[in-house]
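For reference, chains read A, B, C and D in written order, and residue numbers begin at 1 within each chain.
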Amino acid sequence: VKVGAVSLNHRDKMVIDSGRGLTLDFPFTPGTDLAGRIVAMGDDAERFAVGDRVISCFTPEWIDGARAGTARTPAYRTLGGYFAGVLAEYVVLPEDWLVTAPAALDDARASTLPCAALTAWFALVERGGVRAGDTVLIRGTGGVALFGLQFAKLHGARVLVSCSPEKIDRVLALGADHAMDRHRTGWLEALYALTDDRGADHILETVGGTFLGQSVQAAAIGGRIYQIGALDGFDLSSPAMPLMMKDVTIQGIGTGHRRALEDLVRAVARTGMTPVIDSRFAFADLSDALDRLDAGPFGKIVIDTCDITLPPT
Amino acid sequence: VKVGAVSLNHRDKMVIDSGRGLTLDFPFTPGTDLAGRIVAMGDDAERFAVGDRVISCFTPEWIDGARAGTARTPAYRTLGGYFAGVLAEYVVLPEDWLVTAPAALDDARASTLPCAALTAWFALVERGGVRAGDTVLIRGTGGVALFGLQFAKLHGARVLVSCSPEKIDRVLALGADHAMDRHRTGWLEALYALTDDRGADHILETVGGTFLGQSVQAAAIGGRIYQIGALDGFDLSSPAMPLMMKDVTIQGIGTGHRRALEDLVRAVARTGMTPVIDSRFAFADLSDALDRLDAGPFGKIVIDTCDITLPPT
Amino acid sequence: VKVGAVSLNHRDKMVIDSGRGLTLDFPFTPGTDLAGRIVAMGDDAERFAVGDRVISCFTPEWIDGARAGTARTPAYRTLGGYFAGVLAEYVVLPEDWLVTAPAALDDARASTLPCAALTAWFALVERGGVRAGDTVLIRGTGGVALFGLQFAKLHGARVLVSCSPEKIDRVLALGADHAMDRHRTGWLEALYALTDDRGADHILETVGGTFLGQSVQAAAIGGRIYQIGALDGFDLSSPAMPLMMKDVTIQGIGTGHRRALEDLVRAVARTGMTPVIDSRFAFADLSDALDRLDAGPFGKIVIDTCDITLPPT
Amino acid sequence: VKVGAVSLNHRDKMVIDSGRGLTLDFPFTPGTDLAGRIVAMGDDAERFAVGDRVISCFTPEWIDGARAGTARTPAYRTLGGYFAGVLAEYVVLPEDWLVTAPAALDDARASTLPCAALTAWFALVERGGVRAGDTVLIRGTGGVALFGLQFAKLHGARVLVSCSPEKIDRVLALGADHAMDRHRTGWLEALYALTDDRGADHILETVGGTFLGQSVQAAAIGGRIYQIGALDGFDLSSPAMPLMMKDVTIQGIGTGHRRALEDLVRAVARTGMTPVIDSRFAFADLSDALDRLDAGPFGKIVIDTCDITLPPT
């Protein structure tokens, strides 16, 4: 695969900075989310043809159904970690690890789908079955958050976003029904008021930590919380009573499988949804791109791995 | 309804001791779980006939589907709390609040079903869909725990119980496949070893608090944890990573609806399952019965509210 | 309830023409779907206030979860049949049989929701979980069909409609992605071609009879067919092999429950969806309205039961 | 794999007699269901070790989740058809096409699992979620039917069997709660009577044709019918109204995926369930074995492919 673009995730920065506890072989190539074009194929390959535009699978062995691993040792066999990464001009991958890219998206936009978009889709759509009229609470404006906003709106849901005050205008422009300043006290009361005390049917918990307890307070009867991120640390806490009295479910999410990525690509293709890119960097400016990750981007950060990004066909 | 027997729950003790935060009208009658016989009916009643043996519904307005309440104020309208209780010789109840008792169980045994049995059934069967070959982890030997053990075995599952060492023999006699001393370190390793590292597919979390985090460690890929009890306090905590990497679900459980109680009664009736009673007390010895609740009973505690418990028909 | 508008269904015509096998008490009032305003309430009523705008429930005792009835005798206790109907200026109903009307819809539009809209919603959303990128096949342009089209689009799905050629333009204007002339042979090939052989993920089978077999041919792997109508007779037929080899589900649908109607109202309210009305008739012209039902209307037929339809609040 | 035993299905006879519409390369080896022992492995194989006892997967590429194929051309890539079969002393298979055999079953018994047992499990457990207290209706005493009986009983369900009168005793001995003579009129009334008019919650429709309509009559509110067999021809028919009024689902079943076969093996291993073998034949007597298939066996027919069936380890 000739790589056209690679989008970055916080995880990439952790791997580059510290290895993130993984056993890495050096020289090591980071990066998990590519979009590019197939330039050569093995003799047995039959899923694609030379010239096809493709994106990668973040957890490439997880095709459908249950994921691999055990209670003791969850499988965390991803690209750019257990497997070699994709921040390169050319990569060689088994054909099962690739999915056809949406024709209408250029490589930069298509490269945003394998991790952040799939995570939001897997939570809200595959696990949660979000539907028209539901209320969805989103925290922040990172990659998963903005895809969650867009996927919820695709399904006719009402979206409330809790974010920094300077981003409220952009969140509303992207289709959110309401945006709340996350620094203000009283956002829970505001959410109750906006929903006539019903609460949120779906919550993308991209922060975690003690915020999980707030999410349980915010959840509707029968509400679903998707535990996705750990920006507030790796220890979750929550009051027990509202979880039990409100029939609330907390669902752990760690990206998703290839079949869901194919479903997502079909949804993007048919609805014309456009991923939000915060900024693009040349390959040589990777270091700046990683710094930008820490600054709280609005959407995804993309590395252009070749001079000319292929235009949409 | 002429009450034949009333089984006790920890909640009854909390209500009697402190009111449990509820607004109670005095004189107040505690108690939620009755078995008895209909002795008179209103003119419009049509679900039962005089002479029918019945049990009560713990959350009587919750018939099927979603429960009532809001995000701000979960509905906790139960007998022996929001509504008057059933620790009485005769009670008057709307017919919708009653379910036919299993014919093969006497009143003492039938009275154990409305809260503890329904909670275990709602978690493992209604929400969890436990099935043959699954591994179920149970904590302790209280009412919910032992019903969980019995319902899991009814469905062909394998049951591991973590309990006090002096109760291991009785747990095994009741059908558990393995029992582990809960005071010993290394029970998690023991569970991994017993399951070839697969872990537990279903966990009845009747303790909560920091034990929830242990349950997340013990859960299989795709495993389900039912958060039911708060014996370790009302604040839950858990590590985030295994929840996310193992696709684990935490489901809050607060008893269940009438339709599930009817399903449960049918299952008990057809399989001949017998609830476990720890001890029975005369009405006059209620105080001793409440003390017994604190001592860690093995199964349910029942108050015989009339001299002669009705035999099975 | 002061009735503002009543929408008609084919069933109303059958009941008026022949009784439809029901035991009716005369004088009998037909009609099931009302929108109106509460003008007086019983002392115990608490779900609404005088002045609230409401719609009726078609199967009013079905609140949530499983429906009533037995294998031998399905419950068919609907308004305008087992219960008295609503084609009247004023009706008295238990408060449990009503749902708040969407504020943005006038009575004529709101009256279309209780049967046709709920049936389409219950199939596609409650039972089927339609989602963005799915392909939905709709037959015809009756009330259920057009609501199916609209609800599918609300959720980001792609909609193919098979209808009379003179209605193709209106169907496309309503948002359908493709419309096919139902009289032409080769529509199945056309559907295969439009979907790259994937087929339809959801099919609203509003015709039945031998058309069910066509739907099975058209269904995708894992596809869902909702058997709703019997315009081609009360005997269904289908080939067995594609049903089995494609993991297809046929789901019988007979309207839905009140909780789903409440969800639907919330979705309509939040998305601004507008029901399609074919034509409106004065109360005195009921006979013309029933004739119009047979002529193949495009959307719903509504009777204005009072001179002045209440404006949206 | 050194093959120890191969169990036969009706499909094998159809393939041998007529090719069943498949394009076969000659010399062709029939047979799909083997149990045997791994005697050699490729260098890259890692799922098993030499000496492991294994069984085959009927539709070997279907690992989990959705099956392959399109609306136009369902995938029917099975062993002993699209792929070469297993009626041989030794076969070479990709390791992904095998599952560990239950240790407690000899090869003859283990060989019965890949098609018949998996089909019954996939219907009742994977798709249907059968549970204690449910009523299950089984037709006949073939391989799928008897596994259905056994799996239903494993989950605490009540089982009614409709079969030839001379087999009633054996069906009851195997655990059925009731057996009905399928030739007698009035079996539907009998079923209503046995279930207090509730009907059957799950129906294994192994006959099809016009029997599907009877199954719809027999189904409970919300009941599930699994369309599995076509002994009464490849055209299904049913009345529409009870399907719609009773919220009944008809689910097409064509065996199942490998993950479900692994679940099934775990259930068999933990519960000690023993498959029912009608008769065993030496490899040289294959012709007699195929004749026996037509005679209406009670359970599975097995070919011993080597002199000595390996004992359980």
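Heads up, the rule we're going with is that a contact is a pair of C-beta atoms (placed from the backbone, for glycine too) under 8 Å apart; a residue touches a chain by one contact, two chains touch by 3 or more.
Note that the structure is a prediction, hence the values are computed from the model and not measured.
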item	value
Same-interface partner of B-D, chosen from the options A-C, A-D or C-D, over half of the pairs matching	A-C
Between the pairs B-C and A-B, the one where more C-beta pairs touch	A-B
Superposition of chain C upon chain D: rotation angle, C-alpha, nearest 5 degrees	180
Chain A-chain B separation of Cα centroids, rounded to whole Å	39
Approximate Å spacing (C-alpha centroids) for the pair chain A, chain C	37
Multi-partner residues of chain A (at least 2 other chains)	66
Parts of chain A lying in touch with chain B, wherever the complex brings them together	66-76, 191-192, 195, 197-200, 208-209, 217-223, 227-228, 230, 233-254
Residues of chain C defined as touching chain A within the complex	125, 129, 131-133, 151, 154-156, 158, 177, 263-264, 266-271
Residue ranges of chain A touching chain D (in the complex, touch as defined)	63-66, 257, 259
